[in-house]
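Worksheet: one structure, shown below.
Chains here go by letter, A, B, C and D, matching the order in which they are written, and residues are numbered from 1 within each.
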Amino acid sequence: MYCADQKGIIATVTNFIHQQQGNITYIDQYVDRPNGAFFMRVACDLNGDKFDLDKFKKGFNEKIGNRFSLHCDFYLKSQKPKMAVFVSKYDHCLYDILAKQQSGELAAEIPFILSNHPDLEIIAKRFEIPFYHIPVTKETKAAAEEKQLELLKKHGVDFIVLARYMQIVSPKLIDHYTNKIVNIHHSFLPAFPGAKPYHSAYDRGVKIIGATSHYVTAELDAGPIIEQDISRVTHLNSIADFIEKGRDLERIVLLRALKLHVLRKVMVYGNKTVVFS
Amino acid sequence: MYCADQKGIIATVTNFIHQQQGNITYIDQYVDRPNGAFFMRVACDLNGDKFDLDKFKKGFNEKIGNRFSLHCDFYLKSQKPKMAVFVSKYDHCLYDILAKQQSGELAAEIPFILSNHPDLEIIAKRFEIPFYHIPVTKETKAAAEEKQLELLKKHGVDFIVLARYMQIVSPKLIDHYTNKIVNIHHSFLPAFPGAKPYHSAYDRGVKIIGATSHYVTAELDAGPIIEQDISRVTHLNSIADFIEKGRDLERIVLLRALKLHVLRKVMVYGNKTVVFS
Amino acid sequence: MYCADQKGIIATVTNFIHQQQGNITYIDQYVDRPNGAFFMRVACDLNGDKFDLDKFKKGFNEKIGNRFSLHCDFYLKSQKPKMAVFVSKYDHCLYDILAKQQSGELAAEIPFILSNHPDLEIIAKRFEIPFYHIPVTKETKAAAEEKQLELLKKHGVDFIVLARYMQIVSPKLIDHYTNKIVNIHHSFLPAFPGAKPYHSAYDRGVKIIGATSHYVTAELDAGPIIEQDISRVTHLNSIADFIEKGRDLERIVLLRALKLHVLRKVMVYGNKTVVFS
Amino acid sequence: MYCADQKGIIATVTNFIHQQQGNITYIDQYVDRPNGAFFMRVACDLNGDKFDLDKFKKGFNEKIGNRFSLHCDFYLKSQKPKMAVFVSKYDHCLYDILAKQQSGELAAEIPFILSNHPDLEIIAKRFEIPFYHIPVTKETKAAAEEKQLELLKKHGVDFIVLARYMQIVSPKLIDHYTNKIVNIHHSFLPAFPGAKPYHSAYDRGVKIIGATSHYVTAELDAGPIIEQDISRVTHLNSIADFIEKGRDLERIVLLRALKLHVLRKVMVYGNKTVVFS
């Protein structure tokens, strides 16, 4: 939840939960002083099976939300979000997502995998997940997007991961899934946005390459950053080496971002993220 | 502060501060579930010049502390702790401490530097800090400790940093400064405790060396760990290289630990530390 | 290749290759001065299809090898080593090995996967690799080892990876595959050898956990280290978190070690490794 | 040394050293295949006191240098380069340079420290190094540069380090010291060149900040990169925190670059560096 910073918010919220017989198991808060904004993430145990989320929400908003002009989201820990996976031809991020979802490390459901190429269907089959092949050309772009939106709606998808999906997603899709499309870009943004970042990094003679996971916004590779990491390179490394080292980075950074998103630990504010502990 | 985990602690504490016209600027809490222990660090703005810490403490303890059996420390942000620096012959950690204290990065006062060797007096002079040379031999050990305790008392020292002080400190000193003696050990503890850790690391053929800053306890190199970090080594590195790379590590890790201690962000619990954000 | 350090070795070897119309594409050398030992790895292009490795070896050994008492291995870059994968119940390292082998990042053939449990057969099937289930109990241990050796022989296996194989391999197997069994241990060796290292690390209150890939020797977790890496932890992390963070570490460290081994970049010397660039 | 890649270079060079009774103690070579360029760094023990560098050079160039069109630099290990230190008001890099030079970790002589501000003279005095205060304004810029060049010439300076010197150095100075002016820029180049990079990084919401040491060229912050490193930041960090974390990064990265330069391990090629092991 977030709101303008005011005296007494924490006391009021924790008090309310206390009165509802709730026990706070986690609290993390952050104040952006220059902008006078207040952010908080609270987790609590409430009275088990009989707990009524809607009633709790109503009570909270009546007593607190309206008074402080709080923007607040409520989640049940037991509710796994539904994640659609968009891919093209690269399989390394996909393998990692599927392996970790299957082992339970990534607590999301995957209703389907979607690609503009047929190549990775074999992997979807291996993991017994529906695969949709929706080719995208200049001419079919609009129609393809309609099909995508239909699928997303039909499956009740909560958020999308672009796991090296090599197409620019449309403003319409972004509008439907604002701050809910997680992308992995293979550079240390804001360095080397756009196409072929490893080639640019090689040409510049950098000693470190990076990968960045961010939410997709209308401006290419300029959305709120969720997570970044880096890897050392030397003059000995060719562009092929950059790409290979980068694959590991992309995997790791994307998965970290997905875990944070799935655990509802990321809050977008302006063009930045607050990532709770 | 810490206490046994109970319902309503956060609400009660934040409420109290709210009632005292305080504004919470920082709150971080942690529950050790297996042990049912609760830890919290709170920072707040209170009513400026007129604020009376003793009165606040009394009120807090009467209303809350006793009720929850809270162990609680109170600090004024403006109060810089007094840190004695113990060294022997190595100067790298000392230089870093002095440079950062002088630039204001390390918000501590340094009443004196103490050494069992005279070598580093020149550095103390450069920075205009009193230097005491107290040699330690088997025979003079007890007397030397008495002199140390006297100096510490006379200067009102709050905590001690062993900046590569090559002597084992006495149980008596540890008793006086429980969890208030910060040491830097030049290995990745618990690997390679004791003397010559770089030599042992070299002999074992490790690919990574480390440094560990911890509070000194009666058992050598076994106290609560505050901070650790590592550096890569290869077969190309000689023991001399290990030592040189290690110097950088020691500097960095010790300074990070000191900053955390000075900001009262470290809480010792059992033989572990809770390090607040 | 390695030998006692002597004047003129590099000149003699590079000269020989030059005389054979070879072009050196890579040379890396290392002298262990305290022990007077010399190590070198050389890669060269020789005259294509007509190249006769046996003849080259014979010529090399006659002219140089014997003279300098060189220990030398010769490999054709085109020859992929055969790697047997031993697993138990954990799938994270296995998934990573298979995904990277399939994408070509790990240039090895995998003749089979072997396990003392049947659980991961499904993954072997997904990737269409033969799977052998050889249970190991106190009573069947000797017989199981015979079966393993038979399989390894039959498939012409060059080296073995223990991808979280939860059994101690027998001295006999180690003798057959000296410095050719790559293990991943889930701690920063030499800290926390043996069972349950994450639990020990948690109890000690470390701020960094690690993983170590090493060659298996008769003494448990004491063989030559190939690669290590670490990950930060805090007081907030439970043992379950240690295990989860550790899974990523294990994957990454094991795969790096396997790539180095497959590229013949690791040379064992004493109980250490020389890892060429 | 570097030249166009040709067959037999390594053999020829190592042979020559062998014939001169030299023993190669280090050899590292690199071939930039796309550009057909060859680089090598060789260290060798030659016949002690009687060794005549000029004669050796002459012999080398006659027999090998000219034949292969080699560009080759010769250094005696005993010869410490002379390094001028340019600063403005920030003292953190300066302290580190002086502490490490004094301890022998940085094998350079420091004939003087130069600044456009008088603030750091006290540190120069502490370390007993001459300090020149040469203010720079729009009007005096040309005259100031003349004074700088004079000083550099007078003291026989081999290379310059800009240790947070907040002035753009003139093309004339760069011409005199091509690839011999080492700068530290407080961002992860090519991200955030120019002024106030920490502010820009904060505004972009990055999760990692960096520092880059590079040789100064005519184009601002675009010269060949020697070394880079990074540090994690979170939404909790203010711009002041970025600056503080950055100070540590700047220190570390600059010192690493200086050590590499002083050991003649950096070779510039195009707008990149080859950094030997």
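The definition used in the following text is that a contact is a pair of C-beta atoms (placed from the backbone, for glycine too) under 8 Å apart; a residue touches a chain by one contact, two chains touch by 3 or more.
The shown structure was predicted, so the numbers you read here are calculated from the model rather than taken from an experiment.
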### Query
At the interface of subunit A with subunit C, does the proportion of residue numbers present on both copies reach over half, so same, or stay under half, so different?
same
### Query
Going by the average position of its CA atoms, which chain sits the greatest distance from subunit D?
A
### Rounded Å distance, subunit A centre to subunit B centre (Cα mean)
38
### Message
Roughly how far is subunit A from subunit D, centre to centre by C-alpha average, rounded to an integer in Å?
### Response
41
### Residues of subunit C touching at least two other chains
236, 277
### Task
Spell out the residues on subunit B that touch subunit D in their complex, using ranges where they run on.
91-92, 95-96, 99, 102-103, 105, 126-127, 236, 244, 247-248, 252, 277
### Summary
As the complex stands, subunit A meets subunit D at residues 30, 32-33, 188-192, 204-208, 210, 224-230, 234-236, 238, 270-275
### Message
Quick check on the complex: what are the subunit D residues that touch subunit C?
### Response
7-8, 10-11, 14-15, 17-18, 23-25, 27-29, 31, 277
